[in-house]
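There are two complexes below, and they share chain A, which is joined by chain B in the first and by chain C in the second.
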Partner chain A sequence: MDSKHSSPATISDHQPSTIERLVAFLDERVGLKEMQAKMLNEPLPGGSRWAYVFGSILLFIFAMQALTGTLLMFYYVPTADHAWASTQYIIHDVDYGWFLLGYHFWGSSAMVVCVIAHMSQVFLWGAYKKPRELLWIVGLALFGVVITFGFTGYLLPWDQRAFWATTVGVEILDKTPVIGDFIARFLKGGPTPGQMTLSRFFVLHVMVLPAALMALAGLHLFLFRVAAPAGPFTGTVEELKAKTDYFFPRQIWKDMVGMAFVFVSICALALWEPVVLLDEAAPDPGDYHPEPEWYFLFYFQLLRLKLFAGEFGQFMGAVALPVAFMVLLVALPFIDKDPERNIFKRPIALISWIAIMVFILLFTVASVINREFLD
Partner chain B sequence: MAEDREAMSPTKIGFSILWAACWTGIPIKAVFAVLAMTMGLVHFEGRFGLAFLIVFASPMTVFAVPIIIAMFETQFGEGIGLPIILGMSIPVDIWALGLVGRTFFLERLRKEPPHDGLGFAIWWRAALIGTFFFPLLWCIVSRVTEIAIAASHSMAEMESMRQLFDTGLPIAERIGLELTIWGSISSAVLIVLAVIGISILGQSIRRMAEIARPVSANYQGLITRWDLMRVPTDQGLMLTSLTGVGVVFSLMFWSMLPVTTPHPHECCKRPDVRVEPVFKPVESLSSSAQRIATLAAQIGAMEQQKVATIDQKEKGKGKAEGETAKDSSAKTKP
Partner chain C sequence: MLQPKLKSKVQCTDLNIGEVTKVVLDPLSHEISHIVVSVNGSGERQVAMGHVQVVTDDLVQLRAPSTEILALPPFKREDYVTTHEVEISHLEDHIHVTPGEVLVPLPDLEKSVKRRTFFMNFTTVIGFLIGLPIAYPILRFLMKPMYADFDNEWLKVGNVSKIKQVDVGVQFKYKKKVKEAYMPEAEVDKNVWVLQATPELLGKVYQGKDAEFRDARGKTIWTNKKDVPYLAFSGKCPHLGCAFKWRQHKALGQVFLCPCHLSIYDAAGKVLDGPAPRALDALPVRVSAGGEVEVIDMEFKAGTKSQIRII
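== the complex of A and B ==
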């Protein structure tokens, strides 16, 4: 090595570049380096894992949904007279409008899939147990927000599918005791879905829910940092210690690959099946058989069973069952106090998860077959 | 612990390597697939999920898919895109299998990876097994599913089922019951056959591991070694190359992406809307005024014509009456 380069005189002569000066300026005022160290130097027990990418992917999908949603809002008109026509305009006349709408549509599905994958990972890893109970509950609230996003966004194109899915959805909410009637009236704003319904769903979709999601996601991240990552449920102390790593760079790399894969997958879905509108919303369904978004199909098929017919059956299927399931999920960390996290040593948890997944798959496929039967 | 590693089942070996390698390769293969879709080289129609599985498991399906298409006249997607995607998957799969294989040998089997061409060695074995095994699996599962569907239909129509309800089994229950029956049978057969296929691959990998020499480093040393295998020597160069490739692919994507929807569905074509001409108030007023003046003139002319016709009729009537009176007076003369 040339001794001239390493001499103290040369080091003191080093002039900071513009970027270095900008970083120093920001660091002095906002504590940039400390913030960076806090965010990136989080130790991960057992090292980075592909199973941990879902949280970051969800944040990425939300950012992309916000971006594509904003671009769509430049052309979309949230009135009963123009919603359908403006969506047609986006699909047929706006440059790449079909792709933006397709990306936004499939992005919402990807968000639901990733939320369920994230929840499954937390459940199977036993990461909801003490001291992460609050993290789990806030996560459940985020799940509710994501589902409501899908429900409110479904009405906006104002075609027959949107109109009837909303009608069915609001009718289900109407069956809730005490508050059901109020919620249904509040959402519809009249006896049948109309301008008031569209306005309310639009405001919820573009203002209330994004704000709620950002607040809850911030709280979720804060609680995650406080509780620290749970790490893998298997492995000896020696193995865990040997593999422990920081969040940067390996986990960030995995997160980035995961995000890129999800982005490419959503693009592929938008190219494979671009959004098409049915006829404009009308109070007469005609030949159309109302049905909800694909991730609710299993539940829709469940409600078709004779068991859930009649006033009491409808109440049981539409209200009691989902509410009981959600209450069970909320209470889960308080019911399951066993510190054992290995899923292969928690047979009830493993069997329950498999049963729920098989049930969802079976009833979703059954719903598709039922649709073909009706057609 | 060492005994556990020695006794690791072929299914576990095969599954561990294939599962990790498939996920390692899929992000790159997905980029090729999207570019092919953007160029309109492939349309997956209704079989998107199946197409994904084929591309995902390309180490085993790469030669099996053309055979299945030729033997059973099955289509997974229109266009030449699928063979192109499968062809481009080959180097990706060799790289992914090599990376995962070396890690697996070091960490799980505690053996030195046999040689530099480990990726290719695992790939050709997987492709060969897939070429023979997948068409067989396709044939058996299709046949079993057909038989199971027919059997479940017959079961649902049995008299004992009809007696459960007055009108027979309700539709939703019937669909659920039939699906559970044939879905369980098909899934069981599919899982058993898939396990056999993976186990055959695992066995051939285990044979490779048997002749490999054990590693001497301690666990920490091993972790560092396989971890460093995944970290490029020149990270700056890798990041720059990745960014460059990302920019090129993004530009390709946006330049090839159709501006309007590439395949509008027959069911939901764009509504035929007639465009209203642009409203120009001054021109509209003057043309309206002109039209009103023309119409007023026409009405005036029509009224004049009407008056003239009435006058003519009245005159004609008076003349006729006068002639009639003349005739009658002439007749009454003696």
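== the complex of A and C ==
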């Protein structure tokens, strides 16, 4: 591990073991030790922090989603006549199928939570500012990919919840001017949700989005390494230098503890809140009140406001508002050119962040309260 | 001022004390902060650039006497990594030294090797704590459809009136109902080879003993009596699972011939030629008074000397 051993001057008198010889063989040809040293010896200005764990945790969650998702595909079939039955088979018949499906399901929630935490950290630390504008924008693209992952994956079990969340979600996209109808038909593979929709969502979920996420995450990491970590938003150059630490070991150790915590939490949720399917999807909802996944509830509630009634109101709520918000986030590093990173000296940024979080919280709670009036 | 070059001679105010062996970069300013001088015969010293008065093509002139340089503590190589081992972007952009050891100091927090090993081990332990608990569930998850119970139902495959000659293989096609996991019940086409056997052929097959079929616990499922003149062979070649045929052979006469790897069996199922490791698999067979042939649909692992039932 210790990088000084890569110096050829070190002569040891003990016989190298088979593993050591194998490592040496590979190292000579691939440059493993140098590569490992380069990956681990990345200076973190001001040292390691718990606040920096979210990026690594997201990578871990993605790896686990890829693993559990691949396993689910061993039994799942994306056909309208058997998607539901094959999901039920995974839940009720395959050993530990309920657990792996539950892990995948709760893993998606964990992904959204950690993406929000990661973005908040970067925002509050002012780490999106020059020279990290591209890093921030690629991160926003990754945020979009994660949300699309959640949206497309939601349809796959093909139960009533899945069917109606997709129906409503696609109707929202349909409100986009000029191209809305095309986008909606493109996603549905026709005028209404059916087999073509399931196939398209499946391909997006298991092929297109994973490829996009891997490419963007790779670019994100590359840009991160080029720009170097931003470090804390206070402290003089000398103070930072004194506390500076490499990525390994302390930051990796914090990341690992964070990953273990997330892993245990997702396992606990999978155990105590297992996935239960509703009836098989049908264009008649029966007694079911359609509702999206919890992390979309605030937006769902927002669209209930009188403000967004009528065709123009719908356009404002379904298209203009989210698009304007995303455009604002993309433009943020170019609008906010003040090099000051200390969040306590950036009142507008701090108040905006608090306002958004309070808004999301209030609207989520409101939509839960609203459930009572429906039954 | 030129940047100090590796191998340059180092001249103090009084005498020449050695040569530059390494340069040290400041990770923040990306400038050369020190040179490492190999002092003739007494180790290495780390000399700050502040001591350097002038740098020419192959000489570094210091503004200190040799005694002052020699009084510096010895250079500690373990407190540094090379620029190849650290990820600081644009680090070497302004450095023009001959390739060699260009060093970056380790952060103060990183100078204890023991703690690095401790953290490495701890990281590995946490990795195992995440990996091990899911390894078993994943294995069981994937194993679900691999070992199914055997089905010993009798299936009607046709009527003996189809057989026109004794000791000749006749293919009987039949349908088998299959229910896989969540898929609806389906029918698949299968075939079995049935022979009406002469006593000589029966003698060759049974060699005086009834053939018993037992389940995994040793309980008898069915016994093919040695004097019942009907034989049924599974349609699957015991070599590598191809479908064999009843064919006329130039030298061997009428035989079962597998087109895949040319295994050849006689009417009793015995291997005459080719790579097959065992005789054809005889199946439990019974014939009703009306001549309806029924078999228990069994399949055996291909390529093994002994019969290992898989279906």
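Just so we're on the same page, the second predicted complex is superposed on the first by the 358 of 375 C-alpha atoms of A that agree within 3 Å, B and C clash if a C-alpha of one lies under 4 Å from a C-alpha of the other, contacts with A are read in each partner's own complex, and residues count from 1 in each chain.
Here is the rule we use: a contact is a pair of C-beta atoms (placed from the backbone, for glycine too) under 8 Å apart; a residue touches a chain by one contact, two chains touch by 3 or more.
Keep in mind that this is a model prediction, so the values were computed, not measured.
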Touching partner for A:366 - first (chain B), second (chain C), both, neither: first
Chain B versus chain C as contact partner of A:95, first or second or both or neither: both
Partner chain(s) touched by A:345 [first = chain B, second = chain C, both, neither]: neither
A:130 touches, of chain B and chain C: first, second, both or neither? neither
Touching partner for A:289 - first (chain B), second (chain C), both, neither: neither
Partner chain in contact with A:301 - chain B first, chain C second, else both or neither: first
Which superposed partner A:272 touches (first chain B, second chain C, both, neither): first
Touched partner set for A:185, first chain B, second chain C, both or neither: neither
First (chain B), second (chain C), both or neither touched by A:261: first
Partner contacting more residues of chain A (chain B vs chain C): C
Chain A positions touched by chain B in one structure and by chain C in the second: 88, 95-96, 99, 242-243, 257, 260, 267
Interface residues, chain A side, partner chain B - complex: 50, 88, 91-92, 95-96, 98-99, 238-239, 242-243, 257, 260-261, 264-265, 267-269, 271-274, 276-278, 301, 304-306, 362-363, 365-366, 369-370, 373
Chain A-facing residues of chain C, complex: 27-28, 77-78, 81-82, 84-89, 106-110, 113, 115-120, 122-123, 126-127, 129-130, 133, 137-138, 140-144, 181-183
List of chain A residues in touch with chain C within their complex: 1-4, 6-7, 34, 37-39, 41-43, 47, 71, 74-75, 77, 82, 85-86, 88-89, 93-97, 99-100, 225-228, 237, 241-250, 252-253, 256-257, 259-260, 263, 267
Touch list for chain B against partner chain A, complex: 23, 26-27, 30-31, 33-34, 37-38, 43-44, 48, 165, 170-173, 175-176, 179-180, 183, 219-220, 223, 253, 257, 259-265, 267-268, 270-271
